[in-house]
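Presented below is the structure to which this report refers.
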Amino acid sequence: MNVSKSAPELSVEIAGIRMKNPVLTASGTFGYGEEMAQIYDLSQLGALTVKGLSLRPQTGNRPPRICETPAGMLNSIGLQNIGVEAFVRDKLPFLRRIDTRVLANIYGHSAEEYAAVAGILDGADGVDGIELNISCPNVKKGGMAFGTDRAETGRVVRLARKATGLPLIVKLSPNVTDITEIARAAEGEGADALSLINTLLGMAVDIDRKKPRLSRGVGGLSGPAIRPVALRMVYQVSRVTELPVIGMGGIVCAEDAIAFLLVGASAVSVGTANFVDPLCPLEMITGIEAYLKEHGHTRVQELVGALEMEQV
Amino acid sequence: MNVSKSAPELSVEIAGIRMKNPVLTASGTFGYGEEMAQIYDLSQLGALTVKGLSLRPQTGNRPPRICETPAGMLNSIGLQNIGVEAFVRDKLPFLRRIDTRVLANIYGHSAEEYAAVAGILDGADGVDGIELNISCPNVKKGGMAFGTDRAETGRVVRLARKATGLPLIVKLSPNVTDITEIARAAEGEGADALSLINTLLGMAVDIDRKKPRLSRGVGGLSGPAIRPVALRMVYQVSRVTELPVIGMGGIVCAEDAIAFLLVGASAVSVGTANFVDPLCPLEMITGIEAYLKEHGHTRVQELVGALEMEQV
Amino acid sequence: MSFFPIRQVTARVTGNDPVGEATFRLILSATDFPPTAAPGQFVMLRTSAGADPMLRRAFSLHDRQEGSLEILYKVVGRGTAWMAQRRTGDAIDLIGPLGQGFAIAPTLRTALLVAGGMGIAPFRFLIRSLRAAGVDMLLFYGARTERDLLELAEMEAAGVSLLLATEDGSRGERGRITELFQQHFRKVEPSEAFKIFACGPHEMLYEVGRIARGQAIACEVSLESHMACGLGTCMGCVIATEDGYQRVCREGPVFSAQRLLLDEISLAQD
Amino acid sequence: MSFFPIRQVTARVTGNDPVGEATFRLILSATDFPPTAAPGQFVMLRTSAGADPMLRRAFSLHDRQEGSLEILYKVVGRGTAWMAQRRTGDAIDLIGPLGQGFAIAPTLRTALLVAGGMGIAPFRFLIRSLRAAGVDMLLFYGARTERDLLELAEMEAAGVSLLLATEDGSRGERGRITELFQQHFRKVEPSEAFKIFACGPHEMLYEVGRIARGQAIACEVSLESHMACGLGTCMGCVIATEDGYQRVCREGPVFSAQRLLLDEISLAQD
């Protein structure tokens, strides 16, 4: 084992966006950044992803919207958000002052709506990239319906691609038989990067009231519980695509982050762990750096896809 | 809340098999019953399901075959088993002496092989039903490949159906976009019941060795971590089929078991929990009985599908 | 909306003693916990070493002293059971102070406090602050049974007038605290110097809020809701208000009863 | 293959004291634990209240007395860290006795014991049994450093001759125990009355097994493997033997070195 002396290079470039390190925060778990900025200096992050934005403000689903499950949680927020225009007007100015990359997660009720939101953001100063959420399980129309179908995925990406010159990241749903198919469809229509996974569709029941614990019945499962599934899908997808992959799903510590890099992710995104341990993205950055040194790597890039597989 | 005085009726009938209660044990987590019989009297169970049987003995995958994950585990046993003939000769005599129902879980490398195994069991005294494992993620050929495709599922069920007069339970894979499609395919070809879910395909990585933790790379995720996904799928499937459903996936206590019944399962099966808490099936039986009394039910059947959904 | 710092700190247990039926007072030494904390604010505690249970649990600041803080809690599930097992010297990871506390206007002269069961938790800190502001205090305090009425002597010593009720009649009036409250409240004149502070089961808050609203009297209620983050980022804890869904952890947990859609108040609780 | 009963019992901690570097001796009172337990057998302990960590952990019976049992363990991860936090009076859920222990034939006169690191754990029980059978014992015992050599005085008092090695030379020979073993072993004559018992890192067992096999000397080694059930039902813990994959938890953990495919021995470990 080589122990390198100089500090290893942590920066990565994804979809043309240079980030100071490969640790991002995931959409829906970081608000628009303001609240987290009370806890630590966000400029330490590689990038942050804001809560899913839609053309018009959304009230979201009725509460209860969350419930705890073993090593995870279910949510059915239903994409409550202030709308893309209020975001640009009220939230972007704050985000522009932070020296990190800002990814705008967006969704629409139709492919045209995705394109409209992307178009509005195209001119917005302070947005470094757009993440298309075609995988939200918590809205009736839109969301997951697109991300579980090859043709629909292709159409959403195609229209969004036309609407914006910003880097386009397509966020994939794990609720599919073959995620590589959807990945290829997105790649074929001009996505610049892929991010995965979004939540697994799940359910929990209150047996005393004989009712689901979430008002909508079903919700999205996130947290450490889903990490093995996420890791497998990132592995599968990164083997079939040329695009950089942002890996996420249950990442809570540097060891998890490194595992995602090894199976092929170029960066990782921290979701639910922001709730449990807000400072963990910072510990991940330090932890990845320590690992690189210990294993004699000079650049984080060297870890990407470095997993050794025995022939199966 | 009505408190009923007499003991509620726990017995259920599934695919024509009468069981003294709705608590079963799942394939691959109970061996052929012998070891567990050292711990408690197996006649207390509604039924037990034996480890997946194939036409010929299988050596299984190279170790390491298991690894722990948050609130769950991955396995890639690869269906190591003694083969159906040795089972009938060496294991069935022991099982016949136990006053419970015995379900034989089987798999094949082709639809014809499934049928061959089913045919051998057809004449075997002591087998009460056959569970077709079309959902094992741990073998290269066979297993999950069948259970993720509607047509393949149909073919396996059709041939097995012809080969045996025994009740036929089809075990579904959760690694699909739409599990109701596969469920309907199985129903259409003459399945008597459905069981779900098998394990979710997952992966874990040893970052020090830069290798997967399982020799085969990927494995099947089971345990409480997957319970929300299992519950959701049982809910979805039981709404589209007339067949009784055996629910499983992360069930560890009576409360979990009751949740599966409420969303539509007619019985539940305990898998990974047998490793963690061998006596838990017995506590579940007691717990279900207590719940029925407390909620004024006279028969366990009354819980099946009794979930109240708000309109979504 | 406060923009004071929020800290994730490792606190040390200096006390964790039973004070009632399955109820404990946890005393934590936490020198780096922000001194800006106000009554009605809360903290999020980690209650396991692993990922199950995973989410943090919310607890009102029972009190806050220089370098230490207190939590009054009841064991109701796995997280609180874990807390009850902590012993002196153990470490507990907490985040705070969080949310909006009670608002004490300079004009305030008389405060009517209403507590049901564990709803008493935030009131010691509030009472200390009200006392410092020279406010007269009358506390309506109800519980299931006498043993669940906590810290009575302490509150009397702090100059709080007490009106008690228990469901089993073992202490004070028999019945719910809202009944007692309703009787006495008829006699009170609305005024700028007067305000109601309430914490307890949501049905109780609903009742109190309805009464206050009917007479246009200032009334703040402290709500509960299942929370994932406690920070305002997940949108999981919302409650219906006249301004749409608002976050209990951020715009609350203390809300003006006037702005809540009281018919929907029970929803967030589940 | 034993078909004695296996029990899931709730044991009480009566002692849990450090005996070396991050190493503890756990003493458990468990009156309903089957008296049939034999040296080399093990138990599966639950090491959390929740589902994370989920699986039980395997530990050799360090010793077994009427109504109580002992475990010697090293803290290496979350499960063992949880164990180290248990205090007198706490409950621990365990299952056992499990697996096949060491075989002590009536003809046995001299036993050569080889332990590496925590591989010493099952030997106190084994030594007591060998002594009762009037067997002479020579123990090769290696560890990283002196502090990791445990219970030396106790074993000497039990009549065991000790040959020690440490990797840092702080006690006994400097180097690995297998080197010391190899030197001395040359001088021993194969015989029916003679047998080797070994427990420790798999590379050590590989070496010892190879030497024993080369000279057709009876040798039993106690293996480790990641286990889900410990009961023989999951097929997760297998090791390659001449009879195919066998379960470490059921046909083992003690195997005859002769029947193991030594080249593959390391596989099950990782």
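Order as written gives the chain letters A, B, C and D; numbering starts at 1 within each chain.
Keep in mind that, in the parts below, a contact is a pair of C-beta atoms (placed from the backbone, for glycine too) under 8 Å apart; a residue touches a chain by one contact, two chains touch by 3 or more.
Owing to the predicted nature of the structure, the values given are computational and were not obtained by experimental measurement.
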item	value
Chain pair with the higher count of C-beta pairs in contact (B-C, B-D)	B-D
Chain at maximum distance from chain B, centres defined as averaged CA atoms	C
CA centroid of chain A to CA centroid of chain C, Å	36
Between chain A and chain D, centroid-to-centroid distance (C-alpha), Å	46
Multi-partner residues of chain A (at least 2 other chains)	70-72, 215, 223-225
Residues of chain C whose C-beta touches two or more other chains	50-54
Chain C partner contacts - residues on chain D that touch it in the complex	48-54, 78, 81-82
Contact set on chain C toward chain B in their complex	50-52
Touching residues (chain side chain A, partner chain C) in the complex	28-31, 35-36, 38-39, 51, 59-60, 62-68, 70-73, 75, 77, 80, 206, 213, 215, 223-225, 252, 272, 274-279
Contacting residues of chain D [partner chain B, same complex]	3-8, 46, 50-56, 93, 95, 225-240, 244-245, 250, 267-268, 270
Of all residues in chain B, those that touch chain C in their complex	70-71, 224
